[in-house]
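Note that the chains are named A, B and C in the order they appear, and that numbering of residues resets to 1 at the start of each chain.
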Amino acid sequence: MLLLVEQLLNGLQLGVFLFLVSAGLTLIFGIMGVINLAHGSLYMIGAYTGATVTQASGSYLLGFLAAACAAGLSGVVMELLLMRRLYARDHLDQVLVTFGLIVFVNEAVTMIWGRTPLFMDIPQALSGSVEILPGVPYPVYRLAIILAGIVAAVGLWLLIARTRIGMLIRAGSTNREMVSGLGVNISRLYTLLFAAGAVLAGVAGAFAGPQVSVQVGMGESILILAFVVVVIGGIGSVRGAFVGALLVGLVDTLGRAFLHDLLGLFLPPAEAAGMGAALSSMGIYVVMALVLIVRPRGLFSVRPAS
Amino acid sequence: MSDAALLRVKGLFKSFGALMAINDLHLDVEEGELHAVIGPNGAGKSTLVRQLTGEMSADAGRILYRGRDITALAAAKRVRSGIARSYQITSIFPEYTALENVAMAVQTRLTQGAAFLRRAAGDPALESPAGELLDRVGLSAERRSPAFSLAHGQQRQLEVAMALALEPTLLLLDEPMAGMGQQESDMVVDLLSGLRGSMTILLIEHDMDAVFALADRVTVLVYGQAIATGSVEEIRNDPEVRKAYLGDEHDAA
Amino acid sequence: MRQHSLRILAYGLVLVSVLFPFIADAAESGYLVPTASRILIYALAAVSLNLLVGYVGLVSLGHAAYLGVGAYVVGILAFHADAGSTVLGIPGTVQGLLSIPAAVLLSALVALVIGALCLRTSGIFFIMITLAFGQMIFFMMVSLERYGGDDGLFMYAGPNRLGALDLSNEWTFFYVCLTLLAAFLLLCRWLIRSRFGRALGAIRQNEARMTTLGANVYRYKLAIFVIAGAGAGLAGALLANQASYVSPDMLHWTRSGELLFMVILGGSGTLVGPVLGGASFLLLEEYLPVGFGAAGLETLKEHWRIVFGPILILVMLFFRRGIYGLLTGEDRS
């Protein structure tokens, strides 16, 4: 029971974390119609910058800010130099150009930071555990991430539902041509949007720093998860990204924690462990496949039926 | 309500959000007739065609073809049952030549099983009927021209040829004369006259001269409902129709 | 390029390919033969992917999965032959005449199942779901502890025997690869020119129209998806024999991305394009670092990918027609 609560929270944390990465991705897909494989690279840039600046300055706050800025700036440069040329192109071109971008950024990071992974400690203020329920200690850091993620989600919701920019975003995700026809400076909106998505990804990267080893390739692993979230949630829908992220976070975490035990009820221990490991890593893809079969456009698709 | 009706539409409904495109539509098309459907823009004519081919599902109502309920039948299967359409916005295979386009239609009708592996180019089993159809619609000179290079009116003719290649029993023509000049329109009218009697045709059109020249019966569609059905004379003289539609047309002309 | 010069170039390339081991030997570069074999194998994989991308317009980002399945069939059968055990009741084998068809068959089967599910979607969703399934298979292979998991599986007995042929002989292996590539190209040519091929082209140009012509578009797509998967499986089986080693890395999604690159680099929509693309891609990978080293640019020699990435980007942005397009002046994209 206690384990269940702990794992539920872990799932929640992973979900909220994935939301930070996926929100930007889904908006970029939905509004600009671009598949950006290099979104994971922005996450990686955030992680590397966060880790380096924190270590150099001793301040976590500075590290986080630096991560946000570095990722945001990279995003702007990416958008101005490359993404602009891709809006009119088909998906295959976008996939391959951003693929080349991943190769470039990975190598650049290797050149700057070398091949050894960086390690980052959990900030002192956020270390240790807290008893959220009697007998259930839970790491403060994870709670902090959950909080930050929820704040970001609420903030994004307010932005999209209550502001003019939000209105443009919502309109843009269902009908791109219309928005440019309204005389809005589309180029600037796009750059802004792209930068915002980049900042979110970069911040997520900085958060991830203390939890995973910061190394080249971390971008790709998170990218795939983010894709799954976006597809499950529905392209262009931030609400979908939130629900999808939570779903993915919970399925993945609970699967890894409990699947082999569950299988152990039917199968001998060695088989259960092996199968459990296989199925839990496959788990989220199975969910994605199921969602696509039942609702081919995702759970909260904003695209009108054709 | 005739029992010889090839196509019967009963109580059809289709809405897009708050817009009721088809509103309790009843329509009968009798075998062998050329039945025209006219109506102002937005009356639901194109939506009707899409419902009939199965490209779009109905919200409520039934579509009966040869007495059989096909309301839920998939588009590809309806084609196999003999319902074919031509498109208002030309829908062809741009990179293929006119001949290849029609051959493609012939091919889908004829080919089964291992025949799929036969070489496509230069196959008389495909190109002979395709060539004949191109002649019939007046595109013989453009056989080898890639479809994208054809003029607008010629692409329409190609459309019709492709629909004919399916040897349909019910041919749905969605504004075949849209955007055509007088000469081209006349050609299409001749073509359709020639087809009369050999198959049942449902013609959606704006061009009143063509409609009155060709149709056996006419149905007037306004706001998704059939407000009148009858012979050309009956429709011409129907006061409701004049008010709703023809009157506006003449003012605009 | 004029048709005439193009023809000469084509014949020249074929001649060089057929005589390559002899040429390499004469140039004291016999070590290049395995590299050439690798190029032929990847060319085969790229040609199979191009059936989907170039001829039907289906962008699969999970094609490496079938490569991997083919490779693992060979690897697993070799493992069991070595250990004298069975897998699912089937004894192991190092006989290529059994393991290679088995690899092709299983890849085709996996493609059938995955294709049946993926082809219900289109556009971005298709790209994503093929990626997801590719990942699923990847993780499945990683979790197979018995067959090496993350570290991969060595074929201790070396490459298979193909009937009486010894595939560990570099020249024999080269000619086997060349023959299989040629055979597959001929098969593809026949398919493309058939009514089936014409239907695929029609689907690519206007899928909705094909449906209203009465064609079961889903079935066409599934059929070509399976054939493409089988081709990749064949390439995978050869790859396993080439390295005497299989690993989950072969299935990583970045491999699928690379295959897509080869297709575009060479020129999609033509049969020969992907062959050129596969060759160019692998040659770039091999010789870019070597070139930098020779020019004395040591940093670039080690970090050649920093140039490789932008090359890929520039090709996609400005040379979309690929090598074939550049040579012939045709735009088949």
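The definition used in the following text is that a contact is a pair of C-beta atoms (placed from the backbone, for glycine too) under 8 Å apart; a residue touches a chain by one contact, two chains touch by 3 or more.
The structure presented is a predicted model; accordingly, all values stated were derived computationally and were not measured.
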item: Chain contact graph, described as a line, ring, star, complete graph or other shape; value: line
item: Busiest interface, counted in C-beta pairs; value: A-C
item: Chain centre separation (chain B, chain C; CA means) in Å; value: 45
item: Interchain centroid distance [CA atoms averaged], chain A/chain C, Å; value: 31
item: Centre-to-centre distance between chain B and chain A (centres being mean Cα positions), rounded to whole Å; value: 49
item: Where chain A touches two or more other chains at once, by residue number; value: none
item: Contact set on chain C toward chain A in their complex; value: 53, 59, 61, 117, 120-121, 123-125, 127-129, 131-133, 135-136, 139-140, 142-145, 253-254, 257, 260-261, 264, 299, 303, 305-306, 308-313, 316-317, 320
item: Chain B - residues contacting chain C, complex; value: 53, 55, 75-77, 79-80, 84-85, 87, 91-96, 100, 103-105, 107-109, 111, 115-121, 123, 126, 162, 166
item: Chain C partner contacts - residues on chain A that touch it in the complex; value: 29, 35, 37, 82, 85, 91-93, 95-97, 99-108, 110-111, 220, 224, 227-228, 230-231, 235, 274, 277-278, 281-282, 285-286, 288-289, 292-293, 296-297
item: List of chain C residues in touch with chain B within their complex; value: 190-191, 193-199, 201-202, 205-206, 208-217
